[in-house]
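Listed below are the structures to be examined.
The same subunit A turns up in both complexes below, where it pairs with subunit B and then with subunit C.
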Partner chain A sequence: MGRNSTWKAVKKHWALYLMLFPGCLYLFINNYIPMAGLIIAFKKVNFSKGIWASPWSGLDNFKFLFQTKDAWVITRNTILYNLTFIVVNMIVGIFLAILICEIQSKIAKKLYQSMILVPFLMSMVILSYIVYALFSAENGMVNNSIMPLLGREAISWYNEPKYWPAILIVVNCWKGVGYGCLIYISTIIGIDKSLYEAAKLDGASRWKQIKHITLPGLKATIITLTLLNIGRIFYSDFGLFYQVPMNSGTLLNTINVIDTYVYRALLQLGNIGMASAAGFYQSLVGFVVVLFSNFAVKKIDADSALF
Partner chain B sequence: MLHSKGNTRFQILANSCMLAVTLMVVLPFLLVFISSITDENVLISNGYSFFPEKLSLYAYQYISGQGAKIFRAYGMTILVTLIGTAVNLLMSSMTAYVLSVRTLPFRHAITFYIFFTMLFGGGLVPTYMMYVNTFHIKNTIWALVVPGLMLSANSVLLIRTYYVTSIPEALYESAEIDGAGRMTVFRRIVLPLGKPILVTMGLFTGLAYWNDWTNGLYYLSGKDGQRLYTIQNLLNEMITNIQYLASGKVQNVGAEVNRMPTVSVRMAIAFVAMLPLLIIYPLLQKYFAEGITVGAVKG
Partner chain C sequence: MRKRILPMVLSTLLITTAVSAFAGCGKTSLSGGEGQKTPGDSVESAEEPYTVTMVMTGTQQPDEERIEQKINEILMPELNMKLDLVVLPWGSSIQQIQLMLSGDEKIDFFYTDAQHALQYMNNGQIVDMTDLVDKYGNNLKQIFGGEVLQDMSAGGFTFGVPCHCENVSYPAIFMRKDLVEKYNIDASKIRSVEDLDDVFATVQAGEPDMDMLFSNGSTNGPMYRLGLSKFDKIGSFYGVIMDPAEGNTKVEDLFASDWFMDTAKLLYGWYQKGYINKDAATENESWNSLMKAGKVFSMITGDHPAIMPELESSTGYEYVSVRLVDLGVKMSNYYSDIIFSIAQNSEDPEKAMQCLDYIYGNADIMNLLNWGEEGIDYVFIDRENGLIAYPEGVNIENVGYSLNLGWEIPNGRIIHLWEGSDPNMNDLMEESNKQGVPSVAVGFVFDATGLDTQIAALDNVYNKYVPSIISGTVDPESYIPKLIEDMETAGLGDIIEAKQEQFDAWLEEKK
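And then the complex of A and B:
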C-alpha cells in the first residue's frame, strides 16, 4: 500500500478513530504518563520547582535504597510469599477440583462449586475484619474460645511475627483458591470422556484414573497458570499485606513487601526518593519477569500466552 | 461398578470433605453476622463467638437511627460503582469494536499500544503524583472513579475477541449497504449482540468498584475526604482507629472511644457491605464462573 492509499483508508475510517479516541487518551494519561514519570527515581524532587524541573540525582536514590536492609527484606518477602501462594493454591485448587468432579450428585457438585468462589468476591477490608474477629488479642475468638479449650495462654497475635506467614498463606488460599479451582474444573470437564470409559473397562481404579488421565490432562493448565502467576511475582496484593495485618509495626519485617514499602515511603514517610526508587525497581524487574514467563508460556501453549 | 461398595464409601468421604470446605467458607461470614447481633457487653467480655450468651439488635438500630454517615458512604459506593462500570463498559466496548474491524489501518500498532499497558506500568509513585499534582483529583469524586476506568487492557482484548468470533461479518456488510454509519453499527449491532460478554465484564468491573478501598486510601484525607468515603473506606477507617487506640498513639482516648461505633456496629456495617454481593452472587453465578474461565481477571 502506498502512502496515498494508506491515507485514503485512514480517512475512510475516520469515525472509527474518533471512537478509539477516549480509550486511547485514557490509557495515555492513566498508564503512559506514569511510565514516563518513572524518571523521578533519578531526580531529587523539589516541589517548589515541580517534578520535571527538579535537579537530577543520578543513582543516589537507588544507592540509598539498596544500602538499607529493607531492600533485601521486601524483595525476599515478595518473592517467597508469592512462590508459596502459587504452590499452596495450586495443590489445594487441584485437589478440590478433582474431588468436586468425582462427586456424582449434580446438586452437591453445583453447591460446592458455587460456595468455593464466595470469598473471592469479598474485599480485603472485609477479610481484615474477619481475621481481626479471629485474632484480636482482647476480643478475638481464638484467644477467647479456642486457646482456653487447648489449655493454652492467650497470644497477642498482631505482635508476634512468627505466626503471620502461616496466617497470610491461609487467608490468601481461602480467598483465592476458588478462582484456580474453577479453571481446573473447566479443564477436567473438557477431558475426553472415552479415556475414562476405556480405563474403567481395563479395571483401572479411581486413583489410577486420576493419576494417568486427569492429572496429565491438567498439565498444560497447571503450567500455564503457574507461569502467568510467576509473571506477577514482583507484585503483591496490597490489602493482604497492609490491611489484613492491620499495618502493625512489630510485624513489619515479616509482612513488608514491595507494594507496601512503596506506599509507606510515599504516603506515610513522605520519602519520595526511596518510594520512587523501589517503584522503579519493581516496574523494571516486573517487566523482565513477565516477558520471560510469557516466553515460556508461549513455548508450551501458544493460546494462553499474553502475546 | 457405579454402585459398588467402594464407590459409595468414596462418595461419602468426598462429600464430607467438601462439606468441611464449604463450612470453612461459610463460617467466617456467619461469625461476622452473629457478632453484629451480639450484645455489646457480651462481645467485650467473651469476645467474638458463634454462640453468644445474649443477642441484641442494637447495632442495626444504631445504623438505621444515627447512621447518616453510613448511609452516605453506602450511597457513594453505589454511585461510584454505577458511574465507573457504565463508563468503563462503554469505553472498553467501543475500543474493542474498533479493534475488531479488520480493514482498519494501523490496527496492530494500536492494539500493541493498548496491550503494552499490561506488561509495563509506572506504579504508584508517578501515578499518584500525576493525579494529585497535575489533575488535582485529591478529595474529589474523580479519585474514586477515574483510576479504575479501564481496569485492564485485558478486558478490551477479551471483548474484541468475542466480537471477532461471534458477530458474523455479513451483518456488518448488510448494515454498510443500508448506509449505516459506524456509530449506528456499534449501537444497533455490536452492543446488542455483545451483551453476554458485556454482562460478564460489567460484573467484574462492578465488583472491583464495589470492593475498591485503595483509591480512597490514596486520594481521600481529612474532613473533605471523609465526605466522599465509600462503605469500604469507612470500614477501613474504623478498623484503623482501633489499631491506633491499641498502639497508644492517641492521647485523648476517652473522646475517641465515644466517637467510635461499637464493636457490634462495626460488624453490622461489614455485614451490610457484603450483603449485596451475597444476594447477587447466586443469581449471576453463571456469569461469574464464565468470566473466570475466559480469563476476565487475568491481569
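And then the complex of A and C:
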C-alpha cells in the first residue's frame, strides 16, 4: 500500500482508528515502556544510586536460574504443564462452547455462559482454600467423606507429589476454561446460519453439522488462541502453583515452575536484578517459541499464520 | 483468510489486557496506612509538622487511628512531628517492607533484624545511622551505652538501633494448665524433651480431638525452638556454630549435625503417634490463634521472665511451663535480632532519627503503642507496681487497641506490666540476661555480599525439604541425606567458607 492510500484509509475509517487508539496507548504504556527496565537484568541495583547509575554485573544475575539441578525440573514442569493446560482447556472449552450454543432457551444460555466465567474471576487464594477444604489431611472432605465411602485409607494429599499434576490440571481447567469458552461461543455465534440450514436440508445430523461446519469455523480462533498461549508457555500462573498446593515443600519436584522458583529464591533476598533476569529469560524463550510455532503453522497452513 | 488473523490477534490481545487490567484493579492498594489524621494539637509553628511513618509487624488493631492521635498529642508540642503507625501482618511483612523500600512509599523507620538490614544496606535501601545516632541518639546512648551501638555496624555503616527487650531464652514446653490439672500431670517430673512422650500419651487418651503439640515448618516451630541454645545461626541457617556456649569456633552445616537428625526423628515419631497436627508442614495459622481456638494442648517456645503474661493475654489460657534445656545463650544476634532501621526513602532521616530516639525515652508513647489508651484499652489494677489489665467488659476479642508486642516496640522496658507479671520484671530480666552464657560470636554479623546466587539456590532447597522435616511430617532418615546433598550442589560450601573467613577475621580483631 502506498503512503497516500494508507492516509486515505485512515481518513475514511477515522472513527475505527480512534477506537483503536486507547487500546494501543494502553499496550504502549503497559507493555512497551517497561521494556527499558530490561536493563535491570544486567545491573547490580543500588537504590540510593538509582537504576542507571548502578554498576553493571554482566550475566551474574542469570546464574541462579541454572545453578542447581532444579533448572531442568522447573523448565520441564513449566512447559509440560502449560502444554497440557493449553490442550485440555481448548478441548473442554470448545466442548462446552458447542454445548452452550446448542441450548435453545435464551435465559438458560446466558445463565450458563455467565456461570462458567465465575471461577475465572475468582482469586487464586480463595481457590486454594476451596482445594484445601477438599484435600486437607485432617479436615478435608475427600479424606473424611469420600475415601471412607470407597473403603480407602486417608491420604496425606499435601505430602504426595503423584496426585498433584492431576489436581492442578483439573483446578486450572475449572478456573480458566470459561474465558476461552466465551471466545469460542462468540465465534460460533458468528458462523453463518445459512450454512446450518443448508446442511439440515441435505440431511446432515447434529454431529455432522458440528464436524463440518462448527469446527472448521473455529479453526482460526483455535490457532489464534493457541499461538497466544504458546507465547506465554514459559510463564506460569503463580497463584496456581504456589497458593493452591499451599507451598508444600514435599511436592516441589512436581509443582515447582519458573515463577515459584524465582519467588522462593528471591523472597528473602529481594534482589530485583535477579528477578528481572528471570523475566528476561522467560520473555526471550517465549519469543523464540512464538516464532517457531508461527513458522510451523505457516508450513502446515500458510493462511492461518500470524505473520 | 490471511488478513483476518492479525486483526483478530490484536482484538483478542486488547480484550485480554483490558480484562486483566480490570481484574488487577482490586489488588493494587498496598498495606493501608495513609489514613487521614487530624492534628493532635494546634501548636503554632512556622514549619509544617513532619509525619514520621513507623512500620512494625504484628496484628492490625481496629483503633489504630485513635492511638495515633493520642501519640501525636505528645509528639506535636515536643517535636512538631506526627507519627503514622503502619502494622504489617506477620505472613507478608518481609515482602511488603521490601516493596515499600523499593518504591517511593512513605516509610521512615521500621522493625527488622540484622540479616535483612544487611541486605537492605547492600541494596542501598537504608541509610547509615552512624552520624544520626551520634547527633540525636541521646536516649539511645543512655540506654545502651556506646558498645552495643557499635555492634550494629558493618564496615562503618550503622544499619540499625536495637530494641530494649528480653534476649536470653530457654527452650521450654508450655502446657495448658487446665488440662495438666485434669490429667494429674506432674510437671516436675519432666526433665527433658523425651519425657514429653508420656505426657502427650496421657492427654491424648482423654482428648482425642486435640493436637498435643503445635508444630509448623517455620522458625516458630518446635525444631528451632528446641535448638535455641544449641546452635548460633549467625545470620542464616546456612552454616552455623554448634554449641556456641562451649567456645566452638567452627562454622558447619546445621542440617548435617547429629542434633538436627535426632530432633527431626523425635518430631517424626510424635507425628506418627498423632501428637502433631497432620497439616503441620503447610500450617499457616500462628500458634496464638490455634491456642486461642482451644485446639492445641502445648507448644515449645523460648522461656524468659516476660513470656507467661504475654502468652496468657494473647491466647486466653493459663499455662504450666517446664524448661527442657537448662542453658540460655546470648547468640550473635543478641542485640541485633530486633532492630529499627531508617529507610533510604525517608524524606527526612534526621527528623526520623530524632523521633525514634525521642520515643525510646518516652514511657507514655511506649505504653500507648503497646497497650493503647488507659481507661479504654486497659486499666490499672495495681498502680504502685504498674500492673494493668483489660477494663470491665473488654477482652482479647473486642479490645480496640492492644498491640502487645513488648519485645518489638523500641523500648519494652519502660511500659506497664500485664496482670500476673512479677512487678520486678525489669530486675528479673536483667538477672536472666546476666545468667545467659555468651556465644563465641556475640556481636558478629555476617555480610553475605556477593553470595546472592548461592543464597537464591539454597533458599529453594531449603523450602523444598526443611519445612517438612522440621514440622515432623516426613521421615528424616530419607529426607535429610537428600537435603544435605542438594544444599551441597547449591553452594552451601561457599557460604560456610565465607562465614568462617569473616568470623576468623572478626575474632582476630576482637583480641
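FYI, the second predicted complex is superposed on the first by the 207 of 307 C-alpha atoms of A that agree within 3 Å, B and C clash if a C-alpha of one lies under 4 Å from a C-alpha of the other, contacts with A are read in each partner's own complex, and residues count from 1 in each chain.
Assume a residue touches a chain if its C-beta (ideal position, glycine included) is under 8 Å from a C-beta of that chain, and two chains touch if they have at least 3 such contacts.
Computed from a prediction, not measured in an experiment: that's the story for all the values here.
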Check the residue A:F64 against both partner chains and state whether it touches subunit B (first), subunit C (second), both, or neither.
second
May I ask you to decide whether A:I126 touches subunit B, subunit C, both, or neither, giving the answer as first, second, both or neither?
first
Does subunit B (first) or subunit C (second) touch A:G270, or do both, or does neither?
second
Please indicate which partner A:K193 is in contact with in the superposed arrangement: first for subunit B, second for subunit C, both, or neither.
neither
Contacts for A:T6 in the overlay, against subunit B (first) and subunit C (second): which applies, first, second, both or neither?
first
Give one of first, second, both or neither to describe whether A:K106 is in contact with subunit B, with subunit C, with both, or with none.
neither
Could you tell me if A:M246 is touching subunit B, subunit C, both of them or neither one (first, second, both, neither)?
both
Who wins on subunit A residues touched, subunit B or subunit C?
B
Considering only the touch criterion stated at the top, classify A:K162 as touching first (subunit B), second (subunit C), both, or neither.
neither
Identify the overlap between the subunit B-contacting and the subunit C-contacting residues of subunit A.
23, 26-27, 30-31, 121, 136, 138, 158, 179, 183, 228, 246-249, 266-267, 272, 306-307
Within the complex, which stretch of subunit A touches subunit C?
23, 26-27, 30-31, 45-49, 60, 63-64, 67-70, 121, 136-138, 156, 158-159, 179, 183, 220-221, 223-225, 227-228, 246-250, 252-253, 256, 261, 264-272, 274, 302-307
So, in the complex, the side of subunit C touching subunit A is made of residues 1-2, 4-6, 8-9, 12-14, 16-19, 21, 23, 94-95, 98, 101-102, 116, 119, 123-125, 217, 277-279, 281-282, 284, 344-345, 452-457, 459-461, 463-468, 473-474, 486, 489-491
Subunit B residues touching subunit A - in the complex, by the definition given at the top:
1-2, 10-11, 14-15, 17-18, 21-22, 24-26, 28-29, 31-32, 35, 43-44, 46-50, 91-92, 94-95, 97-99, 101, 103-106, 110, 113-115, 117-130, 133, 135, 146-147, 149-150, 153, 156, 181-183, 186, 207, 210-214, 218, 232, 235-236, 239-240, 242-243, 246-247, 263, 266-267, 270, 273-274, 277-278, 281-282, 285, 288-289, 292-293, 297-299
Quick check on the complex: what are the subunit A residues that touch subunit B?
6, 9-10, 13, 15-17, 19-20, 22-24, 26-27, 29-38, 40-41, 50-51, 96, 99-100, 102-105, 108, 111-119, 121-126, 128-130, 132-134, 136, 138-141, 143-145, 158, 174, 179, 182-183, 186, 200, 206, 228, 238-239, 243, 246-249, 259, 262-263, 266-267, 272, 275-276, 279-280, 282-283, 286-287, 290-291, 306-307
